[in-house]
Every structure is written in C-alpha cells, then in structure tokens.
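Chains: A, B, C and D, in written order; residue numbering restarts at 1 for each.
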C-alpha cells in the first residue's frame, strides 16, 4: 500500500534540531507526493481531532535554524496513563488509535526520547504503523551513536565555561558549573574536556569532594590560582554525603538546592578559596542548532520518511557513523546509555589531569 | 616634567574590555617612550614592592580579545580600610603612597568602578598623580555615557533570552531570566528590549506582580502561550512583598534565594502556568568583549595616556559620544546613574507593550 | 487630525535592524490604535495599489532578531527618475502621490539611507507627510551619531579578523581583509581597531603602499612574523597608483578586481612575504542584528511613530546619545559623514602603532 | 624501552584544533613523565637543531580554544624533495634523521594531512618511530571517520549561509557561496544542508548550469524569490564548460577567477536575476574550534601518546565512532575520501529538493 498521509509529532523536552527533523520530513515527503499532518503537543494532539494541521514545504520555510518545535511538546503526556484532573491517571490509548484511524493516516513518525519512544512502541504493538526518531540532549539513548541537540548543548556549555575561565582567572576563584545530565554524564564529560575544566563530576562516578579539593589545591601550588569544576545535575557524592559540608553548617545541604551549589559550598570550605556557581539550566535546551545537529537531524528525518515508505514500522532511524541505519524500537526501550568507565575520552581526560573525584 | 614611568592597575569586579584598556595603555605609552608597570590585584599590589612587573607591547599581544584582566583584580581592597585577619580594618594608605614613590612612578592609571575610583580620588588628594578609567558592567557610573563591558553583558543576556524564547514557546511556559543590575536596571532594560521580553523588572520601578501576571494572561488569550520576563537582580516588589507568594506557602520566600526565583514562583501561582527561571550570574562578566567594547576600551585607554602625558591628574577618561572627554574624578564619586522614568527607551518599551509591573 | 493609518517602507541596501525598526513601528502604532500598512520594495510599492499589506503585531512576531527586511527593498527605485525598459528614466512621482492618497494613509515612515531619504524629502515637499528613519551600514549619514547595522557589520568584520589572526600567525602570512566603506572608513577603522589590525586603509587617507610595507617589515624584525591589513573598499593609493604593482607585472591591476586584492599583491611584491586576501562583501549585510543594533533600531522606530503622532513631518528620528532626537530631513540630504583626521579613535589607533599608510 | 622524549610537529595548512591536539599530547605526556619537544614549521624544524623547544603543561595553558598552531606550519616542506633557492629540489631526509637522533627523541608525533602523513610514513620506513594524527579541514582523509577542523569549517560556512539568506531574501537575489573542497565536496554538502541551500555543487558531481538555473526559476515561480547556491572550490561543469557563460561574453571565464564567480555570472545570464557571490576562503581555516573539534582533537592527541607509549609506530590515531582506534599509516597514504553517490546525506539532500546540477 502506498504511503499517502503521514502524521508527525514531537514529545518530551525540546531539543535544538526538532524543527530540522520536521522540515526534513515535510520536504522529503512532499517531494514523494506524501501529505504531512503535524500533530500538536505530542500524543495529546491525538486525543481528539482538531489539534492537527497540514504541513507543506511553505510551512517549514526558515525553521531549519530555529530551536524549539513548531508542533509544541509536552513532557507528561502518556495516553496510557494520562493524568486526570481528579488525580490519578486514565488510559486514553484507544482514543488515540481511533483518532489516528479517523484521520486516515498511513503512518506516524514520532520524534522523542526514551519515554516518548516507549509510548510509540506500545502503539506500534496496538497496530499503529510507527517510525521513531530518537531525541535526547543528554545523549543517553541506546541504539544510536548520537542524537541531535547534544552537540548544541555541549557547544553552549563549552562557551559558558570559556566565559567563566576569564572571570575565574581574574578573581582567582573556583567556578562551579552545573550542566544537564540526570543519569548520564555525557554533557559534563564533553563540555568539561572541550572547555578545559579541572574537575568533572558525573553520575557514573560518585565523587569524593576531598579528592576534588586536593586537586584544586595542587593547582594553586602549581601557580594556577583558579579552577573550573563541571558538575552534571545527576552527580552525587560517594556514600551520598559530603561530610565537609554537613560539618561546616548543619542544615546547609537542604538550603542549597542543586548539586552545583553544594559542590560550590563544599569546595569553599575545603579549599578556603572564593567559589561561585552557575546553573546553565534551560539555556542548554534553546537556541539555534549547531550545523552538526542540523545535519544529523536532517539525515534522521530523511531516513524516517524512507522507513515509512518502505513499510519498516516499529523501527527508528539511528546514527551509526558513517551511516544512518534502522533499529528496532523494542531494543532501545527502557534502557539508558551511560559513560563507560573505560571510554577513551574518560581515560584521556584523566591522562590530561582532569579529576573525576575518584 | 616628562612622563617616564606609568603604573596601571585594575580594581573591582572584572568586565570584558579590561585587557583592551591595558593593551591600549601599554602600546600607546611604549610609542611615546613611556615605561608601563603593571600592578597586580588592584591597590593590594602597592602594599609592598614585588607585586608589579614591567609591561611591554609583547606582554599585551593577543589580550585585546580576552575577557578578565591580566593584572588580576579584587573587590574588597580599599587600602584606607583594609580588612585585617583579626577582624576590623586598618589604614594602609601611607604604605601605598610609599610604595608608589619607591617605584619612581610618575603617574598611576586606575581602571575601576565607583568604589575603586573613589579610592583613586582619595590618593589623588594625597598627592598621587592619578588618572581614572571608568569601568562598570551595570552602566551605572555617572560622568560617562557608557562603559566597556556593558555591551558585552547585554549581548550575552540578549542571546540567552533568544535561546529561552524557543524553549519557552515549545513548552508554552513562562521563562524568568535574572540579569545583573543591583542598583540600576540598564542591563535588564536593554537586554529585555533587544531580546523581545514581555516584562522587565528593574530596581528603579518597584513592581506589582499582579500587573505582570495580568499582562502575561493577556498574551495567553491573544494566542501567545509563552512569555519571557527579565528581572534585574536588584528589582523588588512594591511595598517589599509579593502577597501572592506569601499566601501560597509560608516561608517559601526565604527558601527561594534570588528575586528571579521568587518572581518565577509568584507567576506560577498567579497565572497557573508552568514557569522556569534562569540566573545568568557570572556568565555575564566573562567572555571576549564585543567589538563595541573593544573599541570603547581602546579609546578610553588611549585617552588616559594622553591625560597622563598632559599632566591632567584627578581626571578620568569618559565617553561623551561622539567624543572621548576628560571628567573630574570628584564629580563622579559616590553617585550612581539609574534609569530615568522618562528615558526614551523606557517609554518606547512601554509603547511596544512591555510591562514594568507599574 | 488624529493619525489613523501609517505606511512604512524600507529602501536601499539591507541592514541588520530593519526588521527591528518595522516591529517597533507596528507594535507601538498598534498600542496607539494606529493601523500600519507595509509597502513592498521601497517606493516601487507605491507605484500601484496592491503591493501593500496590513501589518499587525502578529505579523512582526519573531522578526526582531532577523536580518533583512520583511518588506523587501531595492536599490535603484527613485520614482522621480525610474529606469524604464526602453532605457532612460521616467518621473512616476505623481503616481506615488496618487497611490498614497488612494490608500488613505495619514503618514509615511521611510527607513533608508541618504538616497532613499532624499527621495522621501522630495515627496515631503510634494505634500506627503513623511517621517524618516536613517539607515546605513557604513555609518556615513550626517545628523545621527550612529545607525543600526553598523555595529553588526563591525562585529562580524572583527570576528573575521579574529579568525584570520590565527591562520596568519600559523603560516606567518600577511592577511588582507577588504571591508565595506565606499566613501567613509568607519567600518575599517572600528573593526581594524577592535580586531587588532596592523594597518588600516580608508578612503579619507590616500595610502602609500611603501609606508604600509615598511611597517609590516618592522613587525617582522620585531618578531611578529604575521600581519593583518584592513582595507575599506573605497580606499585608494596616493596619486591613484601603486607603482610597485604596476612595475611587477604590467596589466595586473586590471585583472585584480578589488582594492583588497591589489593591496594584497602589492604587499607580496614589496615585502617578499606570503600574502592572502579575503573580501567580506555581503557577509557584512546579513545576519541577526547585535543587541546594540536591536536597541537602537527599536528606539528609532518608536521615535518615528512619536514624530508621526505629533505631526512632525519632514523630520527623521536620529541618535544623539544619550538621547533620540528629531532632525530635519533637508539638513542631511546630499551630505556624507567621513572620518575626521582628528577623530580620537584615529589618533589612538596611530598611537597604538596602526599605520594608515600616510 | 620506556618513552622519555617525544617530538611533536604540525604540517600542512592550519586547521582549528591543532593546538588542542598539541595540548592533549603535552599534558598527557607530562602526566606520564614524558618530556615533549615542540618542533617548529613542520619537518623544516628538523633540518637543523635549534628550531625546537621543550613544551610543558604551562606552555599549552589556554591554547585549547585557539585556532592555528603554536608550532607554526608550512605547506611545502617535504624534506625528501625540498625546494632550493636555485630552483629544483634537494633530498634533505638524511639530515632530518640525523637531527632526530641528535635530539635523543624516542618518538615523533606528526599531525598533518595526507601530504604530511605520507612524509611521516617515509621517515617511519627509514627507522623513525612515528605516530600520526590525521588533519584535514576538507574531511577527505581515508582511515578516519572525521577530522578536527571540519566541524568548525562547516559551522562557519553554515553561519555564513545563514547571514546571506536574509540579505538574499530582502533583495530577491541569488547568492553564490564558494567554500573549501578541492577534491571532495564534504564541506559544501554539510554546510549546504545545514544552511538550507537550494543548490550544492561538488567536485564529485560535474554540474549542468542549466539544471541549476531551472531549479532556481522553479523556486521563483513557487514564490521564493531568492536562492542560495553553495559551490565547492573544486566543482566544475560537466564537459568542463558553461556554454551560457561563454556565449554571453567571450573571454569572461578567464577574467572571473574562481568557480564561485563563474557560477554566479552564469546564473545571472541564465535566470535574468540579480546575483552576488562570496568566497569564504581563509575565513574557514581560522577561529576557535567548535566543542566537537576540541573533543575530537583531544581524543586523538591522547590516543597518539598512548600509541607512542605502547610502541605502536607507523600507526595513526583515527576516529571510528564511538571509538578512537589505530590505523596503519601506509593504508591511508595517497588515497582520498570523496562523497559517494549513494551517501545517505546526498540522497536526503536530493529528497529535500536540493539540486546538485545533475
């Protein structure tokens, strides 16, 4: 059966490159005489008709370089367990399947992270012809070598570290930068290396703040009076506690919200130096995608349309350099890609003198 | 008396362009056969000999585009009231004068903000031939139309707002950005206008959070489901309190450190929308200066050497577009330049629909 | 008579910030209940009805940070002397006045350079209620301290020089950069200073290539084996000729198109070093405006609406830091602002060791 | 035998990331108690003693983010066929081997492109313990999935295309951008896709200018009145000629230097539209490396030291995502990696509607 009408949705947190994927899908579909239907706000857009619109090449003009997603996105929208106003959840999946049928769509391309792709896989098992496109700024999805958004986030974090270097040096301070990475330390590892950080703390390696402090004191003695510490938001101290911090001031840990602020305060206590912290937060999500991410997003979008045309459903487009390949959705659901202890960049970073607090 | 030896120091918080000033001073002095002596860590470098070094054109090669200051800087170093380890302060000013004499300096160029320039002025009254160069990222110094560092800070804040726009739109959220500006709202006003913010809260105009919330709800009804709010770190609510926040959760105000976080939470309560906040903090201080700041810093540095050569001491180089002029240090000490209520940009911003919460 | 309908057009070469002006006009007009009509392709859009469209705040959403102009622009469109297909020109000015009347416009805001504003002034004398907004990337308009677009162009050129520095140094080459500036050397002077160039050649100072070569040889002896030369497109050699080039190879001057290529070749001959040249060309016109230009453009746009509301026609909004003021159009027509020989930045640049070839 | 002294040199055209490789080598060597000797100007630095210097971690502080190479580089320095002043060449290879021995180096890391690595391989065959690090902005080296410098060049070219978009649109012009790529079209393909170009001309696919012109006319009819054409410097017309250009004006081809200018002129003739061209040239080589290139360069540098420590000579560090691996130098010498006709990005680009003139 020839593919005539294709639905597209984006789910989960936004990532630079989403619009580039949408553009690639719409333009390559149009050139194959396939109509594209944009579905708003992830699967919420399939809870009832009317939240969709036809997307033509004209509609995607100029969006290649825009962050965000013209389709909107939500984080919480699992139709199988949809939050309801009375509290609790309700299974609306049947309604989604119904809407999909009523809209006479021949396939559905779902662009999203592990959560969104898991939902997509469940709908595939319910008979919806689904193709996935992986998305994660954190780079922690299995099955794909890299994801659009990651390079842009790393590039921004690296530029932020560059900026902080000059001010840290001028004031002889320790600057602590908290970056994204709840379960995996890829952004911290890459941006820390690219920015020339002195310590990088990641979820995969519980840190000993004393070891970090010792490294920074060595730098001081060596003559480098300032230091940069990059902390992934999911990093945590070995044993779960930073004694130096607890001892300094009871109750301070609770008052200091994030791990960046805690590491900052603990290093002030442990080194006696001035410290400051910065949380990059949502700045890492926005902005124009880098050329790398635009190209990757475009390749994945093009591949997704190819897969849909070939009837390869239940699959996702994935990066396996130098190629773009197809992977089964079920293989990637529920798993996560963390930084292996023997990753060459981790070893090189250590060889360069970066401490991971272990 | 011909000028033969010139001391240079930088004081207060660092600002992009400090190195460009130093470079301009060193290079133009060298071409006039004047020797430059760099003094480290503000006036601390004059507490005893040995914290100085000759600066030749070779030493300033490549620093034009670097943030920070190669001379180092400190915030707290008033030699007239120097903090001592036993607590309290001590007047070390005589020692500074002595060191200056012993080093056989003919003049001292002091690059700094109101605090540092006030100290410089006191030393001028004590007989040191001082020339000032004004420095403030916040743009709140009187006597000069603008200061290097401000344009770079505004540019970074504007780019940050640009980045947040795409993610705010994708998620239909309110994004609150806290920028520098303890006493004056220049950065917030400029970056807010340049970034297309919907609300700008500045110290000069105590805000009513209800008025801000109303404006954002109007945007919602109009179809713009997201908003950007820029808050200067020194902004505060009319009457000093945000009732909506106090009412929502007793004690929450104390837990939320900065004004950005408080505005963020208050707007969440008042609008029912998802909100997120970002604090730009030290990111605004670092980085390569913009071309605007490099040119301004170079002009001020060149003028400072001219003033020193002409024996115009007790003066500072200042910007009075299209010219660089001399101003008396005493005129600017202890004063601050805030945003006037009838500033054309403030009026234009209001005409464009930006609310200031008043 | 109350202002109800306002026409807006943009003329001449595009400049970053044009859209920011349009946005400011449309939004502030809308908040004063004034309808805005966008006129396409400069005065050509008034040759006949139908080339216009209503502009609402929704139409200008997101254009603040876009280069170019959503209204389009042309360089050649003087309706008083319009080129016709048979060759020659025709006076279509009456038709423009007619269309203006038929469209029931109460005022016309013209955003453009000296050519476009001269036309605007002629229409003002013919009874059209005109307000001008000055625009020139070259910064050579009189009556306004600065123009949007200039800062963006200088910033790009400065970044280009930064890039060329590293490659010049690695290869020990002379790099020649040709920047815009047909009649005035502002971009060359500013970007050359901000980028740390060694020589800057501008139309205001006919250069002697031998003096430039001598300076670069001195750098070589000093140990700086590379150099950067910035050349305004309108720069020219003293006496109109570079003998060294003519002598080296007859006819070569004609083959080398621009002044940048000629200076490059002449310096290769005169210094015996490897030289390379780059022409920045149209790269300087495009791109997102800097925050400086966005703010300036917004202020000018806001002021233009104010002037129209007050019935101050025949005027233009102008920058006179720290204020935005009104200037009579007739005062600025037919004049040009070049770099004065005693401009402080010129003198400072020379004091720093930059040669202008004189 | 333990590795005690390590020589490092960089050869060929400079590429962003060279300094990051040098830094990684020096820092990881130092942490393994290996002394690093920097050799200046490629193999020229081994023609006689004295052109070298010890490199310590202090010497590489801050160079991570600098373009260029602190060791200098030359393009022409094959010691086996060294150009001599009398004309012709001379074999100085023995002298290089001698100097290497006299300096008591235990290994030599050579960072360079195919030319430099071919020389390195010849010295390996002569007994020098060589390790290679691949370098090419053009991305045309075999044996490694990607090379540092390429991402930075693509990113700059993409930003240039972004800038040109706005000005092309405002003036309804065709903008032609000439990018690097003498033998391979990788930069053109990547930047063209990332920048949203309408036509991409590469050496691998001889183009028919008529087909390109037809595509651009279609865009015109569709309503997109402007177009962007990206041309690799090594692109050429099918059959070697552009008849439309020859016919328009005899002799014009010779006068128009590069392929970008020729395509620009031919499209003006063939479409009747205004066209402009820009040559990015050396702008693509300089500047701070992107975070991607800094990480890649650091990984390759770290791996090279590992290979030297393990005595794996005659090898080069190479990228085989997600790993960094070792490849035999002999496998890559004399070969080139061009864009395959069935590369997924080429196919996706075509599916999106980009023409390659075939």
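Descriptive notes on the structure:
Just so we're on the same page, contacts are C-beta pairs under 8 Å (C-beta built on N, C-alpha and C of every residue); 3 or more make two chains touch, one makes a residue touch a chain.
Since the model is a prediction, treat every value here as computed from it, not as a measurement.
Between chain A and chain C, the least number of touch steps comes to 2. For the pair chain C and chain D, the distance between mean C-alpha positions equals 34 Å.
Here the spacing of chain B and chain D, counted between their Cα centres, is 41 Å.
Each chain gets a centre from the mean of its Cα atoms; for chain B and chain C, those two points are 30 Å apart.
The residues of chain A that reach two or more other chains are 159, 162, listed in rising order.
Taken as a contact graph, with one node per protein chain and an edge wherever two chains touch, the assembly forms a single closed ring in which every chain touches exactly two others. Listed in rising order, the residues of chain D touching chain C in the complex are 13-14, 16, 18, 66-69, 72-75, 156, 159-160, 162-172, 175, 255, 276, 278-279, 281-283, 285-287.
Partner chain B is touched in their complex by these residues of chain C: 24, 27-28, 31-32, 57-58, 61, 64-65, 145-146, 151, 154-155, 157-159, 162, 190-191, 193-196, 223-224, 290-292, 294-295, 298-299, 301-303, 305, 321-324, 344-345, 347-349, 351-353.
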